[in-house]
Amino acid sequence: MALLSYLISGLGLGSVYAIIALGYTMVYGIAKMLNFAHGDVIMIGAYAAFFAMTRFGLPVLLSVLLSMVVCTVLGVVIERLAYKPLRQASNLSVLITAIGVSYLLQNGAQLLWSSSTKVFPSILAGGSLQLFGGKLSVSWLSILTILVCIAVMVCLTLFVNKTLTGKAMRACAEDKGAALLMGINVDRIISITFAIGSGLAAIAAVLFCAAYPSVYPTLGSMPGIKAFTAAVFGGIGSIPGAFLGGLLLGIIETLAKAYISTQLADAIVFAVLIIVLLIKPSGLLGRKISEKV
Amino acid sequence: MGNLFKKMFSRENRGRTASYLIIIIAYIVLEIMRLSGNMTNLLSSLLVPVCCYITAAIALNLNVGFSGELNLGQGGFMGVGAFTAVVVSGSLAGVIPNPVIRLILAMIAGAVLAGAVGWLIGIPVLKLQGDYLAIVTLAFGQIIKSLITNLYVGLDKNGMHFSFVDNHLNLAEGGKVLISGPMGATGTERIATFTAGAVLILIALTIVYNLIRSRHGRAIMAARDNRIAAESVGIHIANTKMLAVVISAALAGAAGALFGLNNASLAASKFDFNLSILILVYVVLGGLGNLNGTIIATTVLVLLPELLRSLQDYRMLIYAVILIVIMLVSNNEKMKTGLERLRRKTGKGADSHA
Amino acid sequence: MREEMKTDNRIPVLEAEDLGIDFGGLTAVNNLSLKIYDNEIVGLIGPNGAGKTTVFNLLTKVYEPTRGTIKLCGQDIGKMTTVEVNKAGIARTFQNIRLFMNLSVLDNVITGMHNTVVYGLTDSLFRTKKFRESEKLAEEKAREILRIFELEDKADVPAGSLPYGEQRRLEIARALATEPKLLLLDEPAAGMNPQETEELMKTIRFIKEHFGIAILLIEHDMKLVMGICERITVLNYGAMLASGTPAEIQANPQVIKAYLGE
């Protein structure tokens, strides 16, 4: 029973990673860049929701929506100002710019809201679901998080596969040049990708802060790095891969904390990543691409 | 004598000579300032760290610039070197009282262990094609930080004691804790010197310059420029890239060792992802494959936040903006062609750029 | 018949037998047998998509053959890696030029000597006498090769800034620097004007005579192929369609049909 309970809370944590990882993987798939500032967009999303709830006293759902709007706009603006001029530049230049944006957001947040930790209000009444006559207790938050993650996944899959914009996104991921020749507005598609990824980051921010209720300027770094790991783990560029990678990462982390050592959990997570990559270099669901000679 | 002079400033050696001159002149000037008491405490406290960062950045340029492999774990390699050095220096304190010899031994030990770790990481990773070194070094950096945070090392009359995760060193009376888990190294004897830092940079420069202008260095750059063509002329890609990874890790280890012995106390969290990224920024802004650029960019960027100190809270914000603006401007097509024209005119750009 | 009698007791530089590769269910090359002797230029021709470059990739082990054997001077090289094949004595150029674009022209050729002018890491790091002597030797050799390809004036220029035709010549120069027994040239005249092609023909002939090596070349320029090849093998749909002297190939009705269609 204890194992089952850990698995469920692992799925809850993993769901948050999966939602963040989707942002990494979509941006990578289409813009071919590692958006290292993605974690900091999460942080901004957390602050936005925090202020919406505490200062403006908005209800939870409305706060989430507001936070999504803030992050979406932020994501698109970042892309326009910092990344778009670098379309032709080397990957490294884009990476360094993303790092610059990350510093900017972190230090901007510190300046505006100080580095002291703010306590995120609870978004659920709390308590937990008692099953099997109280033998298994599952927190409502975990259940909510898992449900949200599934909903996000279903919506995103439908969007990418069924809508015209989604098809255009897949075309861009496959071959930007060819997509351009087919009359697809590649710049617009990249903007939309950033918008979606950032909007998802806001959802992840609220769910993450509901579980770990402290808001501070470097909040996004660790979940950001872990979600990136999850995206690589599942096969970067693959949407189902990010989903699977996120969930597995959450489960591994939770189990490692429970059964091996709390302090070493991070080391174990990253060690598993290395092992997976050595066995399957393209990630769990990634595609192998070989160079034509 | 005239011959040597000609050779020093030949097209091939111009960059190298400039590097040596920058370091030697800067060393002499700063040392005079320091000894004559004309240096602020802040600046003198930065001398050794700057040397460490420059060395780690030169080493990283070997990966990123010359070998074309992104390494996001340079901070981790420095961490390995730092804590190795703390243990070696601490445990030799009774045996070898001379701090200079102890410093040298500790730095060698740091370099060897960091190089060995680099080799271990490289074996599986370099067989793969793609950006795997980046991801695996990123993961490695996290792992090493996490491991050192849980490491306890102590020394007493019975010898060395290690323990992991929980502190049960059980030292005898008079024993000394060298590394204490999350607190990191404590009570380290500060034996690092600016002279050692300058010498370390000169050694790093010599190694990297000698390497790249040799059969091995050409192979490293060939594997970067065109993997398939390099194989077709008989260059073993994995071995070649491994050479760059091990040498880079070893130099970062030596730099970390010096860094570790410059601080009385030092936590493993110092050597996190942010440090790796910071060093990467130095390398990219200084120019891939350009060691003089690396030296200058590192110095400027380490000093910049300190110089901006009067701006207090805004300094890191300004730092971030400067970073972004430099990237946008240097990648602007119009600027680029202008710079290229300028470079052609002055006939510079002798080294191979990535 | 004439062929067999002439070559009876010599060991071929290259002997490929029943070579083939499948990509998934698709057979890209099948049942290919090739023999090339010392001091001989052989042409490999065929319509687009016939599998010519794939043959090069099989011989240099970029691809793993599904079937068949490859021998170099009697030695089985079927189990070797690309790197080992080069060390054993096969060098090649690429259809889409693959130079070390950021290295100088001279360094591109010297890099070709990776396994012919050898010294250790300690020699590199400590600049030993062996290092200095080897580097001097390598540079002399490289300049000599560059002279053959009329690139000696461009020795210090980055390879990436050379015009197209010179890049093609540099690729051959780099391949020669590995001191091969067999040189594989993949469309060496592609993108060259008739005058440059004429020059190239002379150079290829000179290389064969000067270095006494065997050359296998893929080329679409029929004037070049018929002009310098002693024998020609024609590929169509991955299989060998014909093999013989240029005159025989030109007269072969099957070849004409494959090229011109029905």
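The letters A, B and C name the chains in turn, as written, and every chain counts its residues from 1.
The rule is simple: a contact is a pair of C-beta atoms (placed from the backbone, for glycine too) under 8 Å apart; a residue touches a chain by one contact, two chains touch by 3 or more.
Nothing here was measured: the structure is a model prediction, and the numbers come from that model.
Comparing chain pairs A-B and A-C, the larger number of C-beta contacts belongs to A-B.
Located most centrally within the structure is B, per distance between chain CA means and the overall CA mean.
Between chain B and chain C, the centres computed from C-alpha atoms are 43 Å apart.
Centres computed as Cα averages put chain A at a distance of 32 Å from chain B.
One inter-chain figure worth recording: chain A and chain C are separated by 50 Å, centre to centre, where each centre is the mean of the chain's CA atoms. Residue positions 228 of chain B each touch two or more of the other chains. Multi-chain contact residues of chain C (touching two or more other chains) are listed as 62, 94. In chain A, the residues touching two or more other chains are 293.
Residues 64, 70, 124-125, 128-130, 132, 135-136, 138-140, 142-143, 146-147, 149-150, 165, 227-228, 273, 277, 280-281, 284-285, 288, 313-314, 316-317, 319-321, 323-324, 327-328, 330-333 of chain B are the ones touching chain A in the complex. Chain contact summary for the complex, chain B toward chain C: residues 11, 207, 210-211, 214-219, 221-222, 224-226, 228-236, 243, 289, 352-354. By the touch rule above, chain C contacts chain A in their complex via residues 53, 57, 62, 94. By the touch criterion stated above, chain C contacts chain B in their complex at residues 60, 62, 81-83, 86-87, 91-92, 94, 98-104, 107, 110-115, 117-119, 121, 123-127, 131, 134-135, 138, 156, 158, 174-175, 177-178.
Contacts from chain A toward chain B in the complex involve residues 82, 85-86, 88-90, 92-93, 95-97, 99-101, 103-104, 106-108, 110-111, 221, 225, 229, 232, 261, 263-264, 266-267, 270-271, 273-274, 277-278, 281, 291, 293.
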